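Per-chain residue numbering starts at 1, and chain names A, B, C, D and E are given in the order in which the chains are listed.
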Amino acid sequence: MTEQDSKNMDTLVEVRKIGKRYGNIIALSDVSTTVRAGEVTCVLGDNGAGKSTFIKILAGSHAHTDGELLVDGQERHFSSPREALDAGIATVYQDLAVVPLMPVWRNFFLGSEATKGKGPLKRLDVDFMKKTTKTELAAMGIDLRDVDQPIGTLSGGERQCVAIARAVYFGARVLILDEPTAALGVKQSGVVLKYIAKARDRGLGVVFITHNPHHAHPVGDRFMLLRRGKSLGDFAKADLPMDELVSMMAGGAELEALAHELERSMGADSAVVSELKEDLK
Amino acid sequence: ACSGTGKEEDSATTTTGGTKNSGLTYAVITHSGPGDAFWDRVKSGAEKAGADYGATVQYNNDPDPAKQSQLIDSAVASKVNGIVVSMANPDGLEESVKKAVAAGIPVVTINSGLDKFKDFGAITHIGQSEAIAGEAVGARLKAEGGKKAICVIQEAGNVGLEERCKAAATAFGAMENLQVDGTDDAAVQASVTSKLQADPSIDTVLALGGQYAIDAVNAVGESGSKAKVATFDLSEDVVTNIESGKISFAVDQQPYVQGFLGVTTLYLKSINGNDVGGGQPINSGPAFVTKDNAAQVAEFAAKGTR
Amino acid sequence: MSTATAADERISGSSKISKVLKRPESGAMVAAIVIFLWFALTTDAFATSGGSSTWLLGSSTIGIMAVAVALLMIGGEFDLSAGAMTGFTGLLVGILCTEYGLNIWVAILVALVLALAIGALNGFLVMKTGLPSFIVTLGTFFVLQGVNLAGTKALIGQVAIQGMAKVPYYDQPRTLFGSAFTWGENGSVYASVFWWVGVTAIATWILMRTRVGNWIFALGGAQQSARQVGVPVFKAKIGLFMTTAAAGWLVGMLTLFRTSTVQANTGVGQEFIYIICAVVGGCLLTGGYGSAIGATFGALIYGMVNQGIVYSGWDSNWLKTFLGAMLLGAVLLNEWVRRRAEQSR
Amino acid sequence: MSTATAADERISGSSKISKVLKRPESGAMVAAIVIFLWFALTTDAFATSGGSSTWLLGSSTIGIMAVAVALLMIGGEFDLSAGAMTGFTGLLVGILCTEYGLNIWVAILVALVLALAIGALNGFLVMKTGLPSFIVTLGTFFVLQGVNLAGTKALIGQVAIQGMAKVPYYDQPRTLFGSAFTWGENGSVYASVFWWVGVTAIATWILMRTRVGNWIFALGGAQQSARQVGVPVFKAKIGLFMTTAAAGWLVGMLTLFRTSTVQANTGVGQEFIYIICAVVGGCLLTGGYGSAIGATFGALIYGMVNQGIVYSGWDSNWLKTFLGAMLLGAVLLNEWVRRRAEQSR
Amino acid sequence: MTEQDSKNMDTLVEVRKIGKRYGNIIALSDVSTTVRAGEVTCVLGDNGAGKSTFIKILAGSHAHTDGELLVDGQERHFSSPREALDAGIATVYQDLAVVPLMPVWRNFFLGSEATKGKGPLKRLDVDFMKKTTKTELAAMGIDLRDVDQPIGTLSGGERQCVAIARAVYFGARVLILDEPTAALGVKQSGVVLKYIAKARDRGLGVVFITHNPHHAHPVGDRFMLLRRGKSLGDFAKADLPMDELVSMMAGGAELEALAHELERSMGADSAVVSELKEDLK
């Protein structure tokens, strides 16, 4: 997919010089990019670079303090995630947005509950919701004992999978995933990558945050790099071979410096150093 | 305020009477809990006197002696022209009252504190202690043939209420206290009903407030007991019930008098240097309201002055 | 891969009964039964028709409020103005009818509208200012308490409604709110008991089977998360505050039309009783967990203990001590049942 | 890599003042100043030496309890028995001295030991049963309330201590707890004011500068996490409950030796006032955030409003309404100040 | 390092047929292994396999319900993490165990506060703690604006780094890390791996949980595999080349099945599939 191609595709969301301050803390400033239908935009950057902050603006969870956010070409200022959801933007938050004491199935459908019956008899379709939750999670390789378990008692990865399955299930036009594979096993990560590719093929715009270049490279079409709250620009996949991506994600020169430092402190034959070097080049 | 249905005159606290303004300020400080019907009439009486004399009356109350003494201190700091105080717990107020007297502010005690008013340097004491009224009620209940009674206390640990029941029990004999939650009428009624069901030999119920007398009447009806109900304090509904025989009598301590005379005594002291009572206490009651005289007080009860 | 068969080797034996016992209200239910049996066996009058209608009456008004307060608590908020609200609505109707001669039904409606408005204001303040509801509704509580006392005094010159029974059409709302069925030897089941059952049923339905119920749990459990997945937090919270206000109105009417009078201090101090009943019934103070039926059992326990102590003929000065000991006992039993159920579900 | 220079491009301008304003107590401080100015300007007596000693006295006992309760709340728990404890200790000393002729110092010590034991029991029950402290201490509260009433009546036949001043050596503890310095025209600063200042200072030191203080914040903020990093949760919690109990004892002594009397219902209902003051002073109800100085300012606000209303000569029926409105106003101002500080720190 | 070598080393912690039930949920059963000084034991397994549960038993956070736990040859039943800490076992929990409202530096030193002064004047050494926190975090590549910030306002990775830095700083004999690199950038991950290697070289026993074979392989000496709460055995590094490790982590055969499935649904030339295959072999 070339830069040219993507220009021709529908622009779903566009941000222009967007910024976010928490009190006097400037978490994000001057970031511009576009999310296009049928394309996966990877957001890369160090810890604390502002990736989650960026995501939360798109998801309507935080309002931006500077710049413009355009959805379908219209300027928007989401005052709640509900508005973003109604605009077809579904999000997996890094902190997962689950309610620990509630059963898994209630969490899965929270905010978009399935109902049956009419008028005053309109009620939750409990069986349907339990069944759907069970099957959607099974499809991700999570075999739950009991969907009635409070979600707080699930393992970290299981919880992550619920959040992802939910977003994928309800995602309409834009799917945002903030480090969805962080707590996942290799198998589950593979499934998530598959989901992302599938969503892209269905024509959704996907925004994908990860620290794992092995996850980012296969599915990403474009790569946006954040550093200390500022954007270092967008790159198309074609312009970015794997090793360059890795060095970019690790802050390039700095990683090499680290490898050298390690070499000095631990010896060149140390396992860590050789692996690091392997990763680097 | 209210339309002219013959109710009590408008009684904003800081009334400056229709005629003249004497520039005098009196503080009335009682040990009442909030919203107590009895003390509400004391307040009405004091305010009426203030309005009549063109004096400002500041009424404040707190059942906790530590806080009540602070209210007295406040009045002293505000340099009022006189203080009316009820001394349910004289020990707790001693220091503050003496301080007021020492500051040259005349003090009158009302309702309770009969034993101590002289020691503390008050001009006089108006009203009778809860004890006198309680004893009178106990004696009367006994005379009407009561064998076993309960005394319904609507506020746990209230010194005045405890004293009433204690005095009534002394005069009556077999009288037991029943603690109820005065802020929940359903609970009051249920508790009295339970008590009557649990012990059918109870033939007398003494309530300590008009509202609770109504609850007691309902409870007697519900439990199928034949117990008689008597009560402290009046209200329109109590009078109606007396007339219909559901309440045998009510004891009226004439709280309005205590408030009115308290301020009047101070006023006379201010304008004329009088020491009303000459060092002796002045009785304000009690008066019994029965079927015979209920009609006479009905009008005043409806106004909320008796 | 998804071999989700019924017999998972990672689950040890599980029974239907223990699944029921795991519900939040189960412990309170067991405690209520124990307390009932205790008083039924140790006193003569407690389990008679007359006796039980007495403690049912005492529990009913508290129960209605406890259920509404439980909903609010599950949603993560408190309403300390709930008690004063029962007095406020009762006084308002009384004053409007006896003093201003307003039609009794109109007065009832006016009181409902005002109550709902105050509830909405509570919710609005909580959501807009970000202050804890404990503080905001405490403010409303104080304001209402003052209004009840001073307003009543200023308008009718005394501190309790009088002469309500003489108001025209008094009998109509009385049938609805204050009448009673006779039952057994000398028992009478008051209207408020039926209202209580109805309120509990509706609240349970809402909590367990509707979208709104799902939202209530989520609000109390993790408001930020609920917001992030699109729950209309603002509306739901305001709705909850209006619900407790409406319950306050209902209890105000039940009190007014049963006793035909209300006094200025009615309900003051009751707000904590409601919270206690909800917690005894299994609600978490921190929100997100609990049930309406549990609150009902909590109120039942409270009502039974309160009256049972009287039936037992114990010195009523010790009332509070017994009450405290029994409450602690009930909650401990409650907790024990829940733990056992957790361990062997 | 670690270019931690003073001027980070990711921080916009920041001033010293706004850093101070960000402390939990700052809002309450501003609110207290506003309220002081208001009453000082609108009434004659409020700011005189006589006037201020009155509201200082009123604030002091509440303030001591509010500080202790604030520590406990920061640690994530409530103590509803705190109010009844002040009555309990006072009554105990009074009864032991007037009725049984025990040496006054011994009686004071016995009361302290008993209070600490009850506090430890509260903490033990909370930690062992896993029940919310709200419920456990409510149980203790009811039990104490009953004991205060029935015990006192049973032992001395009335509901208030009388004749305390005649007890031998009465003057010794009175000097410590009940004496006063005269000040200005007709003002007198009571011992309890000094105790209050002392308690606030010690609590602040503990919270901000000791290991235990660090643990208290952690307990309330995330007890599980605190446990995981090795904080002795059990001991720390029990210590906190014993602290409030000890504060209750102190206030009981201050009350007894200033007024020379205590009633059976002393302190009942005050427990919520303490919580209110702590919250007005910036404590979170959910724990983990707050300050001791804040609670002191909360108590000061409460005390000033309470007496200020009296000085203003407003109708006492409306007292609660004014109190509610002022509290709400103070908390709103408080919140506003904190928000402003957050935004421009 | 061979199997032979490690046998000769000190056994710090040993577990025998250990098990843990939550009510009727059996999270772990019949697991035996040893943690030796100077060795890194990697615990591998699917999401929900019971890794965190295992860790929590070692850390004293949960008591085991079956089997035996031996520390220095003595049977122990930790009733609180304090006891484990006193036995020299420091842990990074998956849920991080931080107190969100507290400043970063107070969190760092929580439970092990530094003090100065004597007797009643004994007080927190605030300056020292602030400085240490700042430098320890800087050493991990986390450049905090302000150590007085509540830790709840840090980014996910920054919070993770605080937890790791704390455990490393206070770690005495055993260091347990539950998915420490999950939320970390490439650079920070490298630093953590370096820390692990350093701790090992200092003679500490390390237990390391991760889902990333690229992280596990370089530093791990032994690999323990959990599956549905049961142990599938210990493996020495020598017996386990990288590709075998990956396939083991992903459940071996099942991953291949997934790759095939993906191939069918997305076409063999799909980016995801080829990457997966690459990872596999």
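The rule is simple: a contact is a pair of C-beta atoms (placed from the backbone, for glycine too) under 8 Å apart; a residue touches a chain by one contact, two chains touch by 3 or more.
Not measured: the values here are computed from a predicted model.
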Using direct touches as single steps, what is the fewest number of steps from chain A over to chain B?
2
Please indicate which chain is farthest from chain A, where distance is taken between mean Cα coordinates of the chains.
B
Chain C and chain D, separation of their C-alpha mean positions in angstrom
30
Chain A and chain E have mean C-alpha positions lying a whole-number Å distance apart equal to 24
When the C-alpha atoms of chain A and chain C are each averaged to a single point, how far apart are the two points in Å?
44
Cα-centroid distance, chain C relative to chain E, in whole angstrom:
48
Per-residue overlap in chain C, given as positions that touch at least 2 other chains
1, 10-11, 145, 149, 153-154, 269, 284, 317, 319-320
If a residue has to touch 2 or more other chains to count, which residues of chain A qualify?
25, 95, 141, 145, 254
Two or more partner chains touched - positions in chain B
34, 156, 179
Residue ranges of chain E touching chain A (in the complex, touch as defined):
22, 25, 45-49, 51-52, 94-95, 141-143, 145, 149, 153-158, 160-161, 179, 182-191, 193-194, 197-198, 201, 211-214, 217-219, 246, 249-251, 254-255, 258-259, 262, 265-266, 270-272, 274-276, 279
Okay, in this complex, where on chain D does chain B touch?
44-45, 48, 50-51, 53-54, 57-58, 61, 145, 148-149, 153, 158-165, 186, 255, 258-261, 263-266, 268, 307, 310-311, 313-316, 319-320
Okay, in this complex, where on chain D does chain E touch?
1-4, 8, 10-11, 205, 209-211, 213-215, 217-218, 221-222, 224-233, 284, 288-289
Note which residues of chain B are touching chain C in the complex, please.
1-3, 5, 7-8, 11, 33-37, 40, 44, 156, 176-179, 181-187, 189-191, 193-195, 197-199, 210-211, 214-215, 218, 222-224, 235-237, 240, 302-304
What residues of chain A sit close enough to touch chain C in their complex?
59, 61, 80-82, 85-86, 91, 93, 95-102, 106, 109-113, 115, 122-124, 126, 134-135, 138-139, 141, 143-146, 166
